[in-house]
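Take a look at this one; I'll ask things after.
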Amino acid sequence: MNVGVIGSTGYAGQQLVWLLNNHKEVNISFLASHSYSDNIYSSIYKNYRDFMQDICINIHEVYESLSSVDIVFIALPHGKSMEITKKLLSKGVKVIDLGADFRLKSLKMYEQWYELSHKKKDLLTESIYGLPELHKDSIRNAKIVANPGCYPTASILALAPLIKNNLIDISTIVIDAKSGVSGAGRALNLGTLFCECNESVKAYKVGEHRHTPEIEQELSLLANKEITLLFTPHLIPMNRGILATCYSRATKKLSSDDLHDIYREFYFEDYFIRIGEDIPETKWVRGSNFCDIGMRFDKRSGNIVIVSAIDNLIKGAAGQALQNMNIMCGFDEWEGLNFPSMIP
Amino acid sequence: MNVGVIGSTGYAGQQLVWLLNNHKEVNISFLASHSYSDNIYSSIYKNYRDFMQDICINIHEVYESLSSVDIVFIALPHGKSMEITKKLLSKGVKVIDLGADFRLKSLKMYEQWYELSHKKKDLLTESIYGLPELHKDSIRNAKIVANPGCYPTASILALAPLIKNNLIDISTIVIDAKSGVSGAGRALNLGTLFCECNESVKAYKVGEHRHTPEIEQELSLLANKEITLLFTPHLIPMNRGILATCYSRATKKLSSDDLHDIYREFYFEDYFIRIGEDIPETKWVRGSNFCDIGMRFDKRSGNIVIVSAIDNLIKGAAGQALQNMNIMCGFDEWEGLNFPSMIP
Amino acid sequence: MNVGVIGSTGYAGQQLVWLLNNHKEVNISFLASHSYSDNIYSSIYKNYRDFMQDICINIHEVYESLSSVDIVFIALPHGKSMEITKKLLSKGVKVIDLGADFRLKSLKMYEQWYELSHKKKDLLTESIYGLPELHKDSIRNAKIVANPGCYPTASILALAPLIKNNLIDISTIVIDAKSGVSGAGRALNLGTLFCECNESVKAYKVGEHRHTPEIEQELSLLANKEITLLFTPHLIPMNRGILATCYSRATKKLSSDDLHDIYREFYFEDYFIRIGEDIPETKWVRGSNFCDIGMRFDKRSGNIVIVSAIDNLIKGAAGQALQNMNIMCGFDEWEGLNFPSMIP
Amino acid sequence: MNVGVIGSTGYAGQQLVWLLNNHKEVNISFLASHSYSDNIYSSIYKNYRDFMQDICINIHEVYESLSSVDIVFIALPHGKSMEITKKLLSKGVKVIDLGADFRLKSLKMYEQWYELSHKKKDLLTESIYGLPELHKDSIRNAKIVANPGCYPTASILALAPLIKNNLIDISTIVIDAKSGVSGAGRALNLGTLFCECNESVKAYKVGEHRHTPEIEQELSLLANKEITLLFTPHLIPMNRGILATCYSRATKKLSSDDLHDIYREFYFEDYFIRIGEDIPETKWVRGSNFCDIGMRFDKRSGNIVIVSAIDNLIKGAAGQALQNMNIMCGFDEWEGLNFPSMIP
């Protein structure tokens, strides 16, 4: 397997490089970077000293480096991968896009939430939403995989079994998500300076975050009905991890044990989903591709609370991309991803 | 004003000492401590070197030190202040209890949630729930003030205007709160070791936290109806601060601006409540007695989202206790508390 | 007292605003900012909501706002305060400069270490190095006070008694300093992004940091001999605080107790210096103007180890500036600064 | 290869379990724990859910589980492994002890610094100090490997080339080390509570830390002369990592480049030592077995500064233990350890 990575020097990109380097079937053909082309990769990420002596190439050099490349991963900001994807496909290369450009099936939704016109609409129908726990079969034969966002991964995995089993009033869903700072990327922003986010918590983009329509799209598909929900992200002073606390009204009485059984059954074949009796903590999944899910039925209020925990850069980005690659290539789903969190 | 502090070496207790030391009308008569009696206060909290040379006394010595003491603050774990309070009152000393023993008016609720029998039930009717923004008049003449819990302070202040103005379906309230680690106190617990909570987020006691009935009691009073709600606390890797994100269904359409006006009006005379257009961050209140509140009406889902931020040790404990003392003594409410957060 | 602040929106500047706001003799005439002129101060630092409604002015407006202003504080990057200072002095306003432009008496040293030509050399002789513990008398009558750097404050205070008392071989001084991230300021730099400095420690500018000549200048004055030393700063994942661990060879045998006595005597009249038997921790001084100093004579190796702790933004910047103002104005040195660290 | 781990639930022990689990030639025969015997391993460390369903055994069960076990790792506090080691050896099992009981060759030194009498003195001559970069050949045939302490690993690796090449005055060595909190272990101590060490830095046990004689022993061996040095550890608010900043006087003029060449040559065959032109940061080695070393000759002061960075739980404990195991078993030294740091 020969692969290339475009956008290899962002936080998600470099996490992908770590995982690819750890994958026994993969050879990295090129690492491309907009910000650091012509730099040695290990001079940017010094953890790669003695591991990755490659020089980052630019996007033009990418197009000349595609012979014998099977799959290209793109980890660019939204709006940047449409044309690149088109070109790559035209050269017979499969694409796994970690960005947002091919996730929303509705052009209107894309243009409304991202305030951009989509330049390659035709590809929207072709792309597969790469959440393996829901779309494994389609991923297998996909040419473009739209790798899910970090918040949607945690949120959809938390809520899918409830919706599929008609256990909740779908008009009552509230997702309160907490993310580490790496989710904001490596761009220079006042809000992600150490002293600005350390020792503080905030909610942001309340009801307005771009991951909202992505979550709604996937849950609506499962419900076979239009779902509108409220999604509130929060920024937490830690490097990695997302905890999604999901609230909704139960349509019937259940015990926490019942819920437990339902979840175990729903995710019976899914290696990376771990259903527990405990409410999860992000530390138990940090640095791994696992999604831990815990649940409570609150008899007093009639709410079901589902808590899911992922590493935003792995199951929420690069790990899931690799999981998708494994599925597309017929490898074991967990190849290169089969390790637990390293703590503390 | 002569005051004493029982439980002066816990996190809330020592915060109170800081504030009392900064209050121009207060003289500290004694500092008592169960764990550190006979130790010099500044040998435990070395920031007090040259400020506080007192030796911590034990509870027996307290009873011999009450002549000329006007008010005693108690900052002990629940269950520990009942008898002490009774004795102090009998000696003509007023009590501000930072613990939970006198907060719940319902004996049944206390015994159910705290799994303890209450030894001084008669005092429950006498005690005043010390949230100044709701009960200023009663506090003025109180002999026992039950200082609110940290989560209830943030939660009740966030939701009171909605309930008072009948703006929400009270059966739909969900409070998702995030707290810094100092809220767990200074006791030795595995879960509050640095390496156990740093770089991680968790929900805990989902639907079962003891602050739930306290929030329900106060909101029910405002609603004039029994309210049952869902309260989910989370532990965040920072020292101080609580952010309460409160969700509920609007009973009519409102704009975020409408909400803003309603809140400004409700808290018109309350010095420590700051209603803003922005969604608050805990850093802007950390180290101060302010409660910042921001709000959104989410047209899409029909939810109202109220976000409140406090410093758990100040407005959520010691600062509020001092605010109560100021009210009881006829001082300006902000005396000794009139400073903004120091950042970063 | 009417004062103005130029550079009021950097971390040191805003700390100064906090302290000035807390000082009972001070009226803030203007807040100036290069980056945020025309913005309301409390829209930048939201902790100041209801405290500071001023609109930040630009440097041109400063010059029109000087009538009745007694002192102006300048908190700008090096190279930026030379001409401003000249102008302010010409209008009869005293200047306390928190930047580096007037600290080094040697023009050559300034130009060598800062790689800039100095535009107002004549002022170098006039300016007083504003470390009150060493230069209180000169500060009293100064027109320009060059407020010391954060590392030099911690380092000079740690080493001055040893040098003054001829206790060490001055050719052996090594200072290993650890600073919180706020020392790097609020500018957008990759290295101060949360994810870049959280959960990591590094040394930087080993032997090359610009605070080196400042430390050497002051210690050489005390030694009456040229001192060359090694200064190594480190970046620590915390907001505030500097710990300077200072090593040097003793010229005679001493006990740690002897050292203790020598330090107590040297700093006998200095309110903000606290000599302790314990080795200091930054938390005990964070948020205060104190400098805690602890010491050990290591019999085994013959080294003296002095450890000093300050808050880099207070004793290392804004607090010291205010202390200097107090001295210049004949106020108590501790006016507006007389509070201990608030922990945790 | 069948291995057992005694002390598998401390921080070093569980790190070892992570690495063993990742090693393709290893089968874990048992996990023993004093604190958690009879508990399922993954109920203590929930990251191991679906990975490690073993029940922790106690020390008595260990002795019944040794048939077919080749190597036992012991990760217990000092004083606890002497008798266990003796028993294990008597049953023909090799021991890698991560504790301090067999590191010091001098009984006197052990008893002086650890304030304990050593119960198995005879084993002191038999044990090999397990720093592979210095003692690879002896490790190959060892029956007991005394795995080095975390600080000694960073310190010795930093200084060995200087001493071996006679480049410094050995009477002038000062080591200023900074460690993350996991170095203090998982025991309940006030000092390692989150709120006690977050946002603060301290020096501790100045000149008195038990790792001092261990560093001196190994450097003295290299110098062929008795070395006495000063070692000062500091606690840093982060989970993992040690940065050792090592100072000493050069005996001749060198450039930083010269130093660089000397280090590269010294560590030419050592896979896990990376000599760089940059001064290292702990993040580039965190979560890996690498030791990064950077260096400067400070012409001004005549000092050589060597900075080394390791992960205290990996190269400073469990990783090095596995590296030793690899050497003892004839595997590639990097088997199971061949991955870079995962950042951020």
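In order of appearance the chains are A, B, C and D, and numbering begins at 1 in each one.
By our rule, contacts are C-beta pairs under 8 Å (C-beta built on N, C-alpha and C of every residue); 3 or more make two chains touch, one makes a residue touch a chain.
What you are looking at is a predicted structure, and each value in this text was computed from that prediction instead of being measured.
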Counting C-beta pairs in contact for A-C and for A-B, the higher total belongs to A-B
By Cα centroid distance, the chain farthest from chain C is A
Across the interface between the identical copies chain C and chain D, with over half of residue numbers shared counting as same and under half as different, the residues used are same
Chain B and chain C have mean C-alpha positions lying a whole-number Å distance apart equal to 37
Dist(centroid_CA(chain A), centroid_CA(chain B)) in Å evaluates to 39
CA centroids of chain A and chain C: separation to the nearest Å works out as 46
Residues of chain B that touch two or more other chains sit at 11, 182, 195-196, 198-199, 237-240, 281, 283, 344
Per the touch rule above, chain B residues touching chain C in the complex are 11, 14-15, 18, 21-22, 45-51, 182, 199, 239-240, 274, 276, 278, 281, 283-285, 287-288, 292, 339-344
Chain A partner, complex, touching residues on chain C are 11, 181-182, 186, 188-190, 192-199, 237-239
Seen from chain A, its contact residues with chain B in the complex are 171-172, 174, 176, 178, 180, 195-196, 198-204, 206-207, 228-230, 232, 234, 236-241, 243, 245, 247, 249, 279-283, 286, 296, 298, 300-301, 303, 305, 307, 344
